[in-house]
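Next come two complexes, and both contain subunit A; in the first it sits with subunit B, in the second with subunit C.
Let's look at the complex of A and B:
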């Protein structure tokens, strides 16, 4: 019985999740070597993320509004957007910086000589603790918005959870495209800026955009899944465009995976 | 153990001039250039060998090593290492190899090497008991003691390099690729690292050593492969390498009386500091060493004499510039 339990623990430690957790542990230990900088960076990350909700507050304080959304509904959407970033950035979006940096300095090779998926190695060595500030900010705004909105039934919460999972999948797909580009487009940190700009569209209700642009945000690059659709699901106002958006997000993820591994195959390494 | 046949790697590189105008132009139009980094090389390495892989910068040795470690895909050719094709079965294959890069650290700067070892334990699925034993054995062999518990940034270069070796060999690889493992180290640290490599090699680990340090090559490698312009220009043991430019010796003589030696039949005067001191190169296929010494002693009364083997640096230089 005891041996059985020990073997289960060992299996977990050596699983992909175990490697990831060990990577996270070493990364945290590494970052905490500079405590002052660590705490300040986390705090700054949180403050910076309040910019979007602050604009919303200014808009609504001046009598303007986003059509079809009241102030706390928009805050809820932005809280969800921050939650999505707050989970994805520290836990797996670090892959983008990690890949771009390692390819540039030639240490991507060190990940390729490990007997694990290169994707797992890139994520496991990229845990970004500073971005936990985004998560704290997201939880705060989400909580404030919920407190000021009527309670939602369980069915809304379930739909929300499903769509929020797709929001994280979208983030991951974005990460794969950016990292893939970082492998062949050596040292191009602007990749990250392009990604951030595209993602910003997800911070506002999609109803504020023109019909044609809404179609792009739903069917081509389903950014609306990042926050707009999950927020609508929680508020019980999800529309029929959600299903095509879900389908697009799955396609987007599959394309992201294929693109990433194709780029790994084209990796040329740095000189000796 | 390693079989390489007709291996080729061709890159497409972009040329950009050095002037500002050319740099500006390169934003719009870039000139493509095809670089043949490896040109159809073939070689075999047996289990337990310690092979020196030499070549000038840009010769293609790093590209070859990166293909052998599964990092790069070749353009054509076949590679079979322990039954694996490295780039096709990378995950399964790299479990059996280790690598130490003198200029790329696998350790984490702000945390102790021991923490980095734990990360490798999870990656390579090393059971606790085996992990502890290997780490302790290697710490003892490399004389590291509690240093593995200090943050990496507080360790000296030599201590860090020793930890890199532990990191690379925790999973007991059958083949270890070493890229400049002694770069920047002092003589004592170099000696310790070389002893460790020899000891592991005696236990059966195959080593492939890439280096520019010829002392490493002389002291470690039993066989040398020299690559230049993407081709193998030499493949043989150290003795064969030393005879590559002929069986030559450098003789330094100080005598009591004047030395009268001139360049002729197998004798080349390399340096004459005074009438009583001379350095000559002898081609032993033409001149017999004992007869030469006897003749000089008769004529000039030798006071001091030293005989040095062939100059490896000279031989390598010739191979690189050939």
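Let's look at the complex of A and C:
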């Protein structure tokens, strides 16, 4: 009986989740060496997230508006966007910094020789505790927006949850593309800039862009799934473009995975 | 790796000035005739340029990134101006011009002098600068000049071409004052970041403070939005901070009309105020430096 329990604990410890939790614990412990700086950085991360909503607030307080969207609907959209970033950045988007940094230093090899998937190891050693500030910021904006909007029926919440899951999938796909690029484009942290700029399109209602841009944001790089579609679903105004967008996001994810492993295969080093 | 690269950079900078034999005592170097600051600074500019040239592809990313940022802003403001003619005195064309000029000025203003200084203090390598006959602030400033010359060629000119193709009309209302203001903004942005780095004498690791101040700088310098869109009370507060002089003032001088907190000023006068603020900021930095250096202890690096 005891041996059975021990083996279950051991299995859990060496499962993907166990490895990830261990990485998370180590990362937190090392960050706690500079507690003051950690708390301040986390707070700043939270405040940084308010920049987009601040622009929205200023625009609306100057009497201007986005056609067809009231202030709290836009804030809801931005809250969802920040929530998606708030979950993805601390928990798995750190893979990008981790990969770029390790490839540059030559320590990526250390992950490659470990007896686990390189993707799992790259994510597990990349937990970014400071970015939890982003999550807090996202929750706050989301909460403020919801408080100022009429309550939504359960069906809207369910479709929102489904689309939000796809928002996270999109983030993960972005992360894979960025990390893959980081392997071949050594030491270039500006890869982040490229994708963050593309993501910027997801922070505003899809309807403000021209028709051709809307098509790109729905079918080619479905950035509209990051927030625009989930917000529309929660507000009960989801349109017919959502299904092609979901299909595109799955393709985007598969391409991301293929691209990442292709780049890992191309990785060369002289042993760190 | 950074340390080695940095060390080789410093050595090559000094060697390029043609003054240092490997074993030459520093004090004797300091009094040599050809060790005059302009020659050292020219060497620093040249070497910084060459060093950053190795990372030109990183800089070139801006050629892709900036037009996308611009397009996002373009669509945001186009949607907003569909419902009204003006927003806080800006027409649509003026707003687009504001963002275009602001982004170009950001290319010129960007530097990481604060972070570099913080790293030097944190790792103790700062001690090597205490032994050199060159003031670190000037060394750092001319590093920025060297780096930004390349940014001008790789980032600014291609993005400027994109803006022109997009139909943005760049014609400064008063070219002389616009140029003066841009140069002063360049110095001010350096002083702001360098002063943040100086705080490392007290805090050692200043990532958090740097982020806080840089965020505050982004909001208060007018890089996110024109400052006269903020609430009136906040605008009055902003007037007395140094941040607007790094970006907002140069952009408004370029456009030819300065206004903040309901207050308008003739262009020459606001440029004069900007020059005074740069001097005040320099004095503030020197005072902080004087106090900070006294706190610094190192055991050789």
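As a convention for this text, the second predicted complex is superposed on the first by the 260 of 272 C-alpha atoms of A that agree within 3 Å, B and C clash if a C-alpha of one lies under 4 Å from a C-alpha of the other, contacts with A are read in each partner's own complex, and residues count from 1 in each chain.
As a convention for this text, a contact is a pair of C-beta atoms (placed from the backbone, for glycine too) under 8 Å apart; a residue touches a chain by one contact, two chains touch by 3 or more.
What you are looking at is a predicted structure, and each value in this text was computed from that prediction instead of being measured.
Model built by superposing both complexes on subunit A: subunit B and subunit C fit together without a clash.
Judged by the touch definition given at the top, the superposed model places A:115 against subunit B, while subunit C stays out of reach.
Using the contact criterion defined above for the overlaid structures, shared-chain residue A:61 touches subunit C, although it does not reach subunit B.
Between the C-alpha centres of subunit B and subunit C, as viewed from that of subunit A after superposition on chain A, lies an angle of 80 degrees, to the nearest 10. When the two complexes are overlaid, the chain among subunit B and subunit C that reaches more residues of subunit A is C. When both complexes are overlaid on chain A, the residue A:29 reaches subunit B alone and has no touch with subunit C. With both structures placed on the common chain, the touch criterion links A:239 to neither subunit B nor subunit C. Within the superposed three-chain model, A:193 lies in touch with subunit C and out of touch with subunit B [touch as defined at top]. For the three-chain overlay built from the shared chain A, the minimum Cα spacing from subunit B to subunit C equals 6 Å. Taken together, the two complexes place residues 34 of subunit A in contact with subunit B and also with subunit C. Contacts from subunit B toward subunit A in the complex involve residues 11, 57-58, 61-62, 66, 69-73, 90-92, 94-95, 97, 99, 101, 104, 106, 108-111, 115-116, 118-119, 122-125, 127-128, 151, 179, 210. The part of subunit A that touches subunit B in the complex is made up of residues 10, 13-14, 18-19, 22-23, 25-26, 29-31, 33-34, 106-107, 109-110, 112-117, 121, 265, 267-269, 271-272.
Considering their complex, residues 1, 55, 57-58, 61-62, 64-65, 68-69, 71-72, 75-76, 78-84, 87-88, 203, 205-209, 211-212, 215, 218-219, 224-225, 229-231 of subunit C touch subunit A.
Contacts from subunit A toward subunit C in the complex involve residues 34, 36-41, 43-45, 47-48, 51, 54-55, 58-59, 61-67, 104-105, 185, 187-191, 193-194, 197-198, 200-201, 204, 207-210, 213.
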